[in-house]
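Take a look at this one; I'll ask things after.
Residue numbering begins at 1 within each chain, and the chains themselves are lettered A, B, C and D in the order written.
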Amino acid sequence: MATVSDLNISEVKLSEEYVGKWGMFINQDVCTGCQACVAACSMENNIPFVGDEDSGYGRTMNWIRIERFWEGEYPEVKMTQNQPMMCQQCGHAPCEPVCPAFATVHSQTQQLNLQVYNRCVGTRYCANGCPYQVRSFNWRDYKRPEPLPNQFNPDVTVRRRGVMEKCTFCIQRIHQAEDKARSEGREVADGEFTTACAQVCPADAITFGRVDNPESLVSQLTKEYQGVRHLEELGTLPNISYFKGA
Amino acid sequence: MIKRLFDWLKQPLGLVAVGIVFLAVFSAAVYGIALTQKAPDQPIQFPHNKHVGFGIQCLYCHPGASKGPNAGLPSQAKCWACHNQIARTQTSELLAPLKNAVESGTPIQWVPVAQVPDFVQFNHRAHIAAGKNCEDCHGDMTKVTVAENPQVFNMGFCLDCHVKTAGEDKVLLNKLADCGTCHY
Amino acid sequence: MSKNFSRRDFLKLAGVGTTATAVLTGCGPASRYVKREPYMQMPEYTYNGQSTYYATTCRECAAGCGLVVRTMQGRALKVEGNANHPLNLGKTCARGQATLHGLYNPNRVRGPIKHSRGERLYASDVDPFNGEFPDVAANLNWDDATQVVADALTKYKPNEIAFLMGTASDHLFDFVTDLAAATGLNAPVRFGALSMFEARATLSKASENLFGEASLPFFDLGGAEVVFSFGANFLETWLSPLAYTRGFVGLREGKTKLRGYLVQFEARMSQTGGKADEWIPIQPGTEALVALALGRLAFERRGGALPRAFADVDPKEAAEKAGVEFETLERLAFMFADKAGSLAIPGGAALGQSNGLEVAEAVLALNAIPDNFGKRGGVSLSALAPTQTEYHRPASPKEMEEFTAKLASGEIKALFIHGVNPLFELPKALDFQNALSKVEQVISFATFPDETAVAADYIFPDHHGLESWGYQRVFTGSALPILSGAQPVVSPFYDTRATVDVFLAAAQLAGGNFASATPFKDEVEFLQSKIAPLMNETGGHFSAVDAPTFDASFQQYGGWWKTEGAFGAPNTADVLNRDLSGAESQFVGEGEFYLVPFVSPTLAEAGANKPWLQELADPTTTVMWSTWVEINPHTAEELQIDNEDVVKIISEFGAVEVAVYKYPAIRPDTIAIPFGNGHSAYGRYAEGRGANPADLFSAEYNQAGDILFGGLKVKIEKTGKKLAIPRLESMMGVYHEGMGEE
Amino acid sequence: MAEKNKSKAEHAHDEHTAEHFRQKHLMLDPLPRGQMNDMVMEAMTGKPTWKFWLTVVILGSIVVYGLGYSWYRLIAEGLGIAGVNRPAYWGIFLVNTVFWIGISHAGTFISAILRVFKAEFRRPFTRIAELMTTFGLVQAGFSIFMHLGRAWLSYWLVPYPNERMLWPNFHSPLSWDLLAITTYLLSSTMYLFLPLIPDLAMARDKSTGWRKNFYRILAIGFRGTEGEWTHLRNAMNIFAYAIIPVMFSVHTIVSWDFAAATRPGWNSTIYGPYFIIGALHSGMGAAAVVLAVVRGTMKHMDYFIRGEHFDAIGKLMLIISMGWAYFYFNDYIVQWYGGDKWTKQLLHFHEAGPLGWMWLAMLIVNIAIPWAILWNQKWRSNPWLISIVGILINVGMWFERYLIVPVSLAINRMPFTWRLYIPAVEVYLSLGTLALFILFYVIASKLIPFIPVWEVQEGQLAHKLSKFGRETVVTVSELE
């Protein structure tokens, strides 16, 4: 009989040998910062809007944000490349070991950092551990007046107050695609499905796919552009590569 | 003040009052618990046992189970396809709601009993494909009249079966007992 | 029972007990069980719990992108781009994504309403996030509503009836045009704030002057190597943002050649400017001059006789006037001359100056240097949509002024308004409010309770875009002629009715000419009659043997387009063989600051009522939920104003109060305000939020009839007030504010 | 005999010296047993004055509003009514948790470590310090539950067998926090109770009415036989030794909450001992304050608590302050020298950011003021002066935790998200815990003998003045 210890939910892989499963390549050179990914993500994943006061106070719930900085001063001022920032689905995630309730666990099957909403007690420790600052917390029960709830995605849990959440790489789409492929007796093909942000991106700046398959588009692009990973020096083994642009 | 209250409570009448209050709270609790365990009222006293007894397959009325996440409720048209050929349908009092619903074109408001919480993403198809039979979870419908749920679908129930299915296969276990298999 | 302990107390206690039990045992039966309704008749194509996808067209702006909407059990869940649609190839912008927040917006007009002008349609002064908003209930039925329309059609003479509609050239426009042609009604007028800020009139006039054909020029960024954009914010809202974004990606990622180079000439760095390799903040008003100087320098570099167009300009003087180093200008000109695939794009605030037409002509003329006209990577004319014989542009602000004057004079007795909110979108200087009050009967077909609906006598709400049938012409962005099809993806949520259906029914009631001009059973039949001719056209991406199949395929694919097409090649015989004026712009107003109004990339003209659009961070400033004024930090220091200080911006015509955002990438003599917020109605998320920069515009126009939105000089006055503007970015991390001295 | 040969003047001098010692040292100033017992009983059972009731009412209302109503709102509406945001996910609640755990360390330090090292001056105030441990830990527990987003599910952090294969994550410092705090609370309560038994028995014998019943139950039949004393002494000895590692572990684990996270400013290997010394710093300060207040407000306490005790505490405070400064600068300099980009930003932010005053104030009240005042024996023997220093040190230590938690959280590796934290409803909840802490003391002063009489008496038996040559010295005989 299997026991908890067989589950490997906190198994740690430290070395360079780590290969993820799902990953992304983000081309910052073509990202126009248009926010379509933010909107698409919110619509797909039932993310609430928080209103002017809370959003101004740093409580926006978006799972993906687009960062930009300034370099230099007028007239030599330059806007840095837009940088979409979401959960990097680290292979060795700092958020995972710190959760006392196992609400933030590593999926060995999908190689994703899961956030199990119904197990979360809201210590917010994971968010402090995350060096990418991509976790958002349900500070309140944000209201979505009728009939807005009609557009809730039934495949995604609607979170209530006191629960941490973050980008899931649209795990509902992964499951759907895998289920469909399995029912047809085949493997999921590269590009058969993608995440909401990658699907909507007008510049195709985001590419999603299998990073453990060297033939996949995302692997090819990562290789071609020599994608770099954010804060790699922390040993987080992130699964998103960026091309910072010229 | 408090002393007077205690004194009053110590006399026989007071004790009776305390007893009544205790009983009331206790029975209310029991009643509340019982309420949650009771099968809900259905618009039609639908006898599953009869339909299964006629040899109708589960998937005939709930075809979604083999195709996707939801088993689904049969459309009224499907009920009517058989029932309008049965003479009793026109006369039976028990079937009057069906007849009315079909004739007036109002949907019947069923109350599903086999439910999982919102934060569980359940997919019928995968379970059917894995060779599970309906009765493995929903019980023997030949013995059920008005729909009721034979077991509480809690995580222990699901996980028990998942772990058993995985057996010694560690890879399968990690897949079947992965939090992200059901919760996202 | 003793009298000390009454029966009522007992019941109370018991009640508390039950409640406590219900809470403790995880809620009572009421919350435990839900009701579920099965289909009456299960559609063949669906199973419970499986999604159905419908193709339709996005109505959030006039570009006409194709959508595929995921629906489940009658609810629309998610909008995606239609991957087959040649305009957007499966992509959408943020506004397209948020269209569901329009469909399920908590403040929609729920049925036909008659009300006194100005009467509110929902409770106001309520906290938009927690308050209760009782909407005004529909107080008419559709029979009465139809009668009202029929009465209006018969009561007034045909030339006393006018139609005002949105920018999009869609089936309703065709219907009304046909109706007007048959019955002598005034032809419908189309207008939208976006077309105003895009200066479409100027663009098409410039095209007419240079190429002899009034059309929207299309700029093929994807094939270019060097792109000079004079204020065109094509990555944000300009004309067809998705198509231009795709072009930008092509420019950046051209696989066979080097990464393309983008230079943006504008006073305020737009998001496009931010993505550009070089941002040249030239003096507002000198765009034409700079373009001509560049042209001359580039021509001289190439050698050969200097054409008439560039002959008169002195590049050194131009550089000085524009505030640019001559060396920079020369370097850029040489780059433009040396590269094969150079492209120059006019746009933005530069076109809304008194010399806007000259700017457009001068910049377009630059393209004669690489002679890219009609070629890949060059300037072409937008392909005409199917069923269209010539480009029909929306009304220019100048024409709107004439239209407004007609209303104000009482010449028009009945006005039908659909798909546009002139009280918000038209600059206040045109005084549409007053004009509207002179019209005897105003009927709005608004889906949302916008300002114009509030000021109307009747509101006969049309369906939301996702609930309605239709088609829309794609006017630019793709080489293929596209007629984008729309169909309802969900059944109407409220008691709304398609405006075409209302007119069809009213026309029957009105009888006479009206009835005979509209021989259609309903909107769908009208649509079918309109698209029927396409069936016989060759080159469509699908073919059908009979009309029903064709109609079904039209809906299924989300429209009809040709598999092959080409942009129109402009007639460029004498582009350079003419005098081009490099005159600087005359600015209206006495103030010391140039005003650059720009359309908010996330909100645009009609996004303010969609909460997730409000909460999207503006790409350049990351501000959410409000309006701000961008001021150069040095200027702000000189004026002793700081972030979030409310200042009063005063123009010749009006004034607005907005909070300050110290924006590092704007000329010190320029300020910028986004257009998008500042509604006085339009639902809980829009109302009372921010300010509208169009309130500052004067009713003065450039030669093409576009209002001088980029040609104003304004004053800044401190008010002493503070207003927090929510922003996503960190002031500490991005601007080092409050981090102490290094 | 030498005694006889003493001159009168010499004798008078000896008397004078003895008197001087008696005044100064409680241990050399014995009173009859019965009288001393009566003094303690009177201090406890005396009829409460209106001032007492007023204090109770004021504190009670703060508790009801702060801990009752505000906490209810926090649970009902969510953490949105608090000031936490991204990236300052942790706010004052965690500051308070660390603060109260810190306070609780003084009790154990005084009663266990000083007991083990046989520091005699501890005797009259071990009880008061022990109470601080228990009461402080209760506040810490409250604070940590307030901080949870879904406090009603906090039982999930407890390991209990279930059919779902669900366990708390033992990798997480927070899981260990919970275990450590629970262990510490239980053992410190036990350790509070054991030395209390003889005093409870004394109180039982000296009281009537409900008090008699109350103490009878609590005294669990202690009669003072030799066997009982032996067992009690053994038990106390075991606990005294056993609780010291528990004490060290608790704050070390609390420090891991921070040290284990990959954040600039948090990820420091020295946090364990640094937190412990910080805890002692604030704890000793708090002990001085409580002692001064008890001495000033309760009857007969000026007999039991004297300048010598403040003097001793003052010395400890001075040493601990030096230790704290050592650890602080050790941590600081290594972080600064490390030169990590983000850590440097953070250190700069601490100093020059909007809360730079807090950083400066922390250094002044934690280091400068104790060093300036506590070196002087006369000054540190003054109860009021030392309690002011104690309050200041506590404010400083609270600032220190505030700088570590929300202020350090404001700066991270994603500058796009940096944001300040502005406390909101947490202020009320914090005041609620503070009021509850004081209220516990106020109520306990009427229920529990604050002075361990038997320990004092035992000490007095063991002390005597002896003369070696011309020098009069205090000698302590080994009792146990």
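Here is the rule we go by: a contact is a pair of C-beta atoms (placed from the backbone, for glycine too) under 8 Å apart; a residue touches a chain by one contact, two chains touch by 3 or more.
Model, not experiment: these values are computed from the prediction.
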Most central chain, judged by mean Cα position vs. mean of all protein Cα atoms, is A
Which chain pair is joined by more contacting C-beta pairs, A-D or B-C? A-D
Where subunit B and subunit C are represented by their mean Cα positions, the distance between them in whole Å: 50
Please tell me the distance, in whole Å, between the geometric centres of subunit A and subunit D computed from their C-alpha atoms. 45
Expressed in whole Å, how far the mean CA point of subunit B lies from that of subunit D is 55
Rounded to a whole Å, what is the gap between the Cα centroids of subunit C and subunit D? 65
Residues of subunit A that contact two or more other chains, please. 7, 57-58, 60, 65, 67, 69, 102, 119
Where does subunit D touch two or more other chains at once, residue-wise? 165-166, 414-417, 419
Two or more other chains are touched by the subunit B residues 163, 177
What kind of graph do the touching chains make: line, ring, star, complete, other? complete
Spell out the residues on subunit A that touch subunit D in their complex, using ranges where they run on. 3-4, 7, 10, 54, 57-60, 65, 67, 69, 85, 94, 97-102, 119-125, 127-129, 131-133, 135-141, 161-164, 231, 234, 236
Under the stated contact criterion, what part of subunit D meets subunit B in this complex? 162-166
Would you mind writing out the residues of subunit A in touch with subunit C in their complex? 27, 29-30, 32-36, 38-40, 42-44, 49-53, 55-58, 60, 62, 65-70, 73-75, 77-79, 82, 142-143, 145-154, 196, 199-205, 246
Can you tell me which positions in subunit D touch subunit A when the two form their complex? 77-81, 84-90, 147-151, 153-154, 156-157, 165-169, 171-175, 177-178, 257, 260-263, 266, 409, 412-417, 419, 422
In the complex of these two chains, what residues of subunit B are touching subunit D? 154-156, 159-160, 163, 177
